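Same chain, two partners: chain A is paired with chain B first, then with chain C.
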Partner chain A sequence: MSALVSLLAGSLAFMAPLAPAAVGGLVTEYVGALNIALEGFILIGAFSYAAVGAVAGPVVGFGAALAITAVAAAGADLFSRKAKADPFVVGLGVNMLAPAAASIVSQSLFATKGVAAVAGLQSTLVLPGLRISDIAAFAVAAAIILAIAATPFGTRSRAAGMSPDSLAMAGLDYGKARGAAHLVSGLACGATGAALAASVGAWVPNMSAGRGWIALVAVYLGGKRLGGTVAAVALFSVMLSAAASAQAVVELPAELLLSIPYFIAALVVIVGARRTARRRGT
Partner chain B sequence: MNIVRLASIRKYYRSSAAQALDGVDFELESGEIHAVVGENGAGKSTLARILCGFERPDSGAVYVKGAPTSFSSHRDAERVGIGFVPQYSMLATGLTAAENVAIGHEPRCFGPFTDRRRASYEFSLLADRYGFTVDPDAIVASLSSAERREVEILRALARGGSVLVLDEPTSILGEKEAASLFTLVRRLRDSGAGIVYISHRAGEIVNLADRVTVLRSGVVERSFAAADVDECELAGLIVSGTACVDPNARRAGVALGEPVLTIRGVSLGGRGSGSLHRVDLTVRSGEIVSVVALGGNGLESLEDIAAGVVGPDEGDVLVKGRPLAKWPRRELRSRVMAYLPTDRENRGLSPKASVAMNAVAGRLFDYSFAEFAAGSSPLTDAGRMLGEFGVANWKGRRVDTLSGGNRQRVVASRELSGDAELVVAANPAQGLDRGSRSRLLSRLAAMRDSGSAVLLLSSDPDDAAELADRSFALYRGRLTPIERTGSFDAAFSEALTGAKP
Partner chain C sequence: MSIATRCRFRFDTIHDAGGTKTAMKLSAALASAAALAALAAAFLSSEPASALRAFFLAPFRTRTAFLSTLELAAPLAVCALGVIVTFRAGHYSLGGEGQAYAGAFAAALAAPILYESLGPASAPLAILVGALAGAIVSAPSAIGKRLAGADVLLTSILVSQGVIFAVDWAIGGPFRDQSSNLVAMRAIPRGALLPRLAPPSTLTAASIVALAACLIAAFYFERTRSGTAHDLYGRNQRFAELQGFDVARLSWAPIVAAGVLHGAAGAMMALGARGTAIRGMSGGIGWSAIGAALVAGSRPQALPFAALLFAWLDSGSRQAAILSDLPPDAGQAIKAIVILAVSARPAIAALRRRR
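Presenting the complex of A and B:
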């Protein structure tokens, strides 16, 4: 019984930071310009939370993480559109730039390039595995889900990805739709990063630990659909939590256990591709 | 009183180095159907795009009800009641019909949320008013091409509808669907709307239009009342130097040869009304067999089967007695089968490659490495092939800078320049002007006369009527042979619509 409770609690702790990034990534997939820099933006969010939170407290820090990351993501997209740069390359650049930039600012702000613990930034637990910051992250994810499922923003984003011409026929600008989607993905990554930093009350270099990539895998595993993505996030969270608890029991390298979700994702993608191919008769 | 007037509009496209419009004046009265005609690349589509606010002219002025106006997007044009029905579908295929019409103007409820029910309701009201029966909540991808056209028309009419611009609206419609479109267009005209009707089908224009403006190379050549000309004169005006003769030059007894394409008991499911049911069809060398169908009756499925894109669920497809799937693709496509797909952009061409590369794409293995690296003999070949179909000014250009008609001419140059034993031509004349169309059709006839087997799949009964030795109608995935009798049209329309005499 207590094993089950700790599994569920662990799942929630994994899910809270994963959910916003995954649905944020999904929005950019909708507009047909997947934001592959989720990982980098999560780091920006986490660092913004720690840096601003150290001065102004956790609530302002959380808000600042959302705002700064949103602006950064919208800016990166604007750059790729205006400079006609491949969004993929720009995304890779962000992924490399983010940890480096955080490290430099960390040096001048916290006088360290390593772990910077900030007193009072660790969010309090309200349930086992669930902190106030996690609830805030879930709220951001829920707001994005509502926005893409039930507002014109969602419909327009999907239309942008399916046929930019259909937006032009409505007098809407494809670039603006894409920019809005990337802004939302930045907001989401800000929430993810802030939740990560709030769970330990510190800035830790590379603390995203691949969550941006897991979020991208969740988008694909979920068939680029909202329900599927949410389900994939839940599945990953349970599996990561199980793998983390299994480390204490099973004599297997932790890396192997933690990579199981990726193997399952790869398997599902391969099976899915084969089924699509058969339907097309090749 | 004119609703819209364009004054000395100029537009230059840098990407294709073309002066699309060179000082065009155009006016549209309320309650008239104003046809804009001309060859491919004459500037008709550019005129429409400027009129609808998709593009801004380099110079010149747009007047709406006498007041100078400038549109920064289509939204501004919509605001004064101008709606546009594009030549090719511009719908988001994964959204519903109602969502596509509402996009950009979604009704709201509870603050920021979309009121889906009201969007559907408004869609059905609009559809009822114009006598359409599209389900508002159907996903566009599941609709037939005729139904998609209805959605596009409703989208154009949703915001006012005092001006409707139709860009070659019948190019993807069958006869019956076109007829109901004409009825609708007349009704809108009679209720006071101004209609701009872009087309190069002389027959349609003579019946429909009140006024005709002829564009040639970006300038207005003539503008006159439609009642002043007959179909023949008009055809001559659209394409200069086309004599008005029956292109149906019958051949003098070419012997029928061996079956080249045999489709035996073929079924293909999972495509709704476009599934195939036990289709039998043989095309022998020296004959043109045509299959005509209206949208959503399985023509696309038959195209996929005949071209070997998809294998049948049941039955056999043989090319020269050997199963189609067993043919090595390179051998099949470079020596045996020419294929003109309906979907030229995706299936027929590589849009981001050069025109020359697309033209020689089927014979790349004929060149030695040295020849290819030097580039001159592929370019010479490309020039000869493209010249045959009148593609000019192709050097150094990418396919995606060409107009729709020119793209099809590139496909035709590549596919029909050899002496393929089997030609699968799907809607080959769609979007072509009269001159290119007759050149393409006579090339098909010439290939037949020299012993090729030609399978012509078309949604335009005229293609079949002009060319075919034997004809079939495809209705809901079943083939019906059409006897060549005096009442060809009547027999066709009965078979195409499933009506029993």
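Presenting the complex of A and C:
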């Protein structure tokens, strides 16, 4: 019983930072933009939380992480649209620039390009495995879910992805819809990054550790639907939690256990694609 | 609509850009890199003059420094060639990092064993072992694409992430050289390494192999029927099928070929200047390779120049970090901004018009 509770608590801890990023990836997917920059935006969020939080405290740090990442995401999309740059290439640039820029700024702010622990930034545990910052991240994810499921923003985003021309015929601007989706996606990644940094009370280089990619995979595994994406996030969280819990039981090295969810996820993608192909009769 | 299908309509920057456009891209990349390096030296260092000198001159000041920069470019060019091979077939594989890392590990593991039985002839075989390791890592994506139509972008990144964890464990665990403070495998015997062409520089035969591979690939894409089929498949699968090309083979073979090239690039790193496999040694080569491929306009013949540009940024920023106080990550940041700069089409179009 205690193992089950521990697994569930661990799953919630993994789910808290993953859920906002996945929902953010879904929003940009709705407008028809493949957002491979989630990983970079998560790092921007994590660093912003640590950098601003070190001066103004964790609450302001959390808000700053959301705001700075949202502006960065909207800026990247604006660049992509105005400069007619390929969104994939822009995403690649963001993913390369974010860790390098964070390292450069970290040297000025924290006098280290490595781990920068900041006193008072680690969020308090409210339940086993669940911190206040995790609840804040869940709240951001829930707010975005509400926005895409029950507001004109969600309807416009989906319409923009389905047919930009129809959107224009309705008098709405595709660029604005895409920009808004990226802004929301940035907010979401900011929450993910802040939750990660708050869980350890520090900035750790490359602390996103592939979560942006897992979030993107969750969007596709979930069939680019809200319910499916949330279910895929839950599945990944349980797998990652199981891998982490197994370290105490199985005599397998941590790195090997951590690699297993990625292989399983790849297998799930392939099996899912196979089933879809069979359904379509191809 | 799948990722690959959407990408195929949009990624005209990733298909062969054409000769003039590629020359413009390379020029734009060089100009923006030089301007950014100057700005970085001016604003990020307290000794701008020393930083500028170190960044711009140190990699070229001596014959040894220049040849060592060439050596840095070799694995990057081979890795970027792998990117071109997959991207031009419309498969957006992002698994280069894990494939190169696996190649480095496999080569470092095999080289001492092969050296015992074959002597100095072991190095090419160790590179083949690295290439095989890269192919094995790419296999799940290739099989997934061939049998299920699974998105290569997703499967390749997932497998790559998993492999990076596994290789981290192998290098830091059972295969670690316990006598060293560095988290690395046992040093490869000197005789098993790639022969140095111009000591004391680190230049090895890898640079010649990389150049030859780029020229062969250029010939393949521009002068052979298979290369035409490869390109056509990347642009329009249905049309390639109607033309009678073997689309079944093209659905998986370029992915494995890229794995081979990425693995070989990793092996070159282990058998070259590094002399072993070090934890985290791939250091973003997979991502830099995508950038180099884009800067080269997806043309293999332009790759040596793009790889050399990126190698200069790495070498220059490293030298500037040693000789002044420029942050060592400045090179990586400049590379990222160069990629963004060359992706902006109006800027390049304006340059062309002015010409």
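One rule holds for everything that comes next: the second predicted complex is superposed on the first by the 272 of 282 C-alpha atoms of A that agree within 3 Å, B and C clash if a C-alpha of one lies under 4 Å from a C-alpha of the other, contacts with A are read in each partner's own complex, and residues count from 1 in each chain.
The working rule: a contact is a pair of C-beta atoms (placed from the backbone, for glycine too) under 8 Å apart; a residue touches a chain by one contact, two chains touch by 3 or more.
Keep in mind that what you see is a predicted model, and the values were worked out from it rather than measured.
In this superposed model built on chain A, chain B and chain C occupy separate space and fit side by side. If you count the residues of chain A touched by chain B and by chain C, you find the higher number for C. The vertex angle at chain A, taken between the C-alpha centres of chain B and chain C once both structures are aligned on chain A, is 80 degrees to the nearest 10. Contact with neither chain B nor chain C is seen for A:Ala56 once the two complexes are overlaid on the shared chain. In the superposition on chain A, contact of A:Val269 is made with chain C only, not with chain B. When the shared chain is aligned, chain C comes close enough to touch A:Asn95, but chain B does not.
Of the two partner chains, chain B is the only one touched by A:Gly171; chain C is not. In the superposition on chain A, A:Leu127 contacts neither chain B nor chain C. Using the contact criterion defined above for the overlaid structures, shared-chain residue A:Ala139 touches neither chain B nor chain C, since it reaches no partner. By the touch criterion stated above, A:Val115 is placed in contact with neither chain B nor chain C. Fitting both structures onto chain A leaves chain B and chain C with a minimum C-alpha separation of 5 Å.
For the contact definition in use here, the residues of chain A common to its chain B contact set and its chain C contact set are 282. Residues 32, 34, 36, 79, 83-90, 92-97, 99-101, 103-104, 107, 113, 210, 213, 216-217, 220, 253-256, 258-263, 265-267, 269-274, 276-277, 282 of chain A are the ones that touch chain C when the two sit in their complex. Contact residues of chain C toward chain A in the complex are 3, 6-7, 10-14, 44, 92, 94, 140-141, 143-144, 147-151, 153-155, 157-159, 161-166, 168-169, 172-173, 284, 287-288, 290-291, 294, 327-330, 332-333, 335-337, 339-340, 343-347.
Put simply, chain B touches chain A in their complex at residues 53-54, 73-78, 84, 86, 90-95, 99-100, 103-106, 108, 112-114, 155, 270, 304, 309-311.
The touching residues of chain A, when paired with chain B in their complex, are 146-147, 150-152, 155-156, 158-159, 162-163, 165-173, 279-282.
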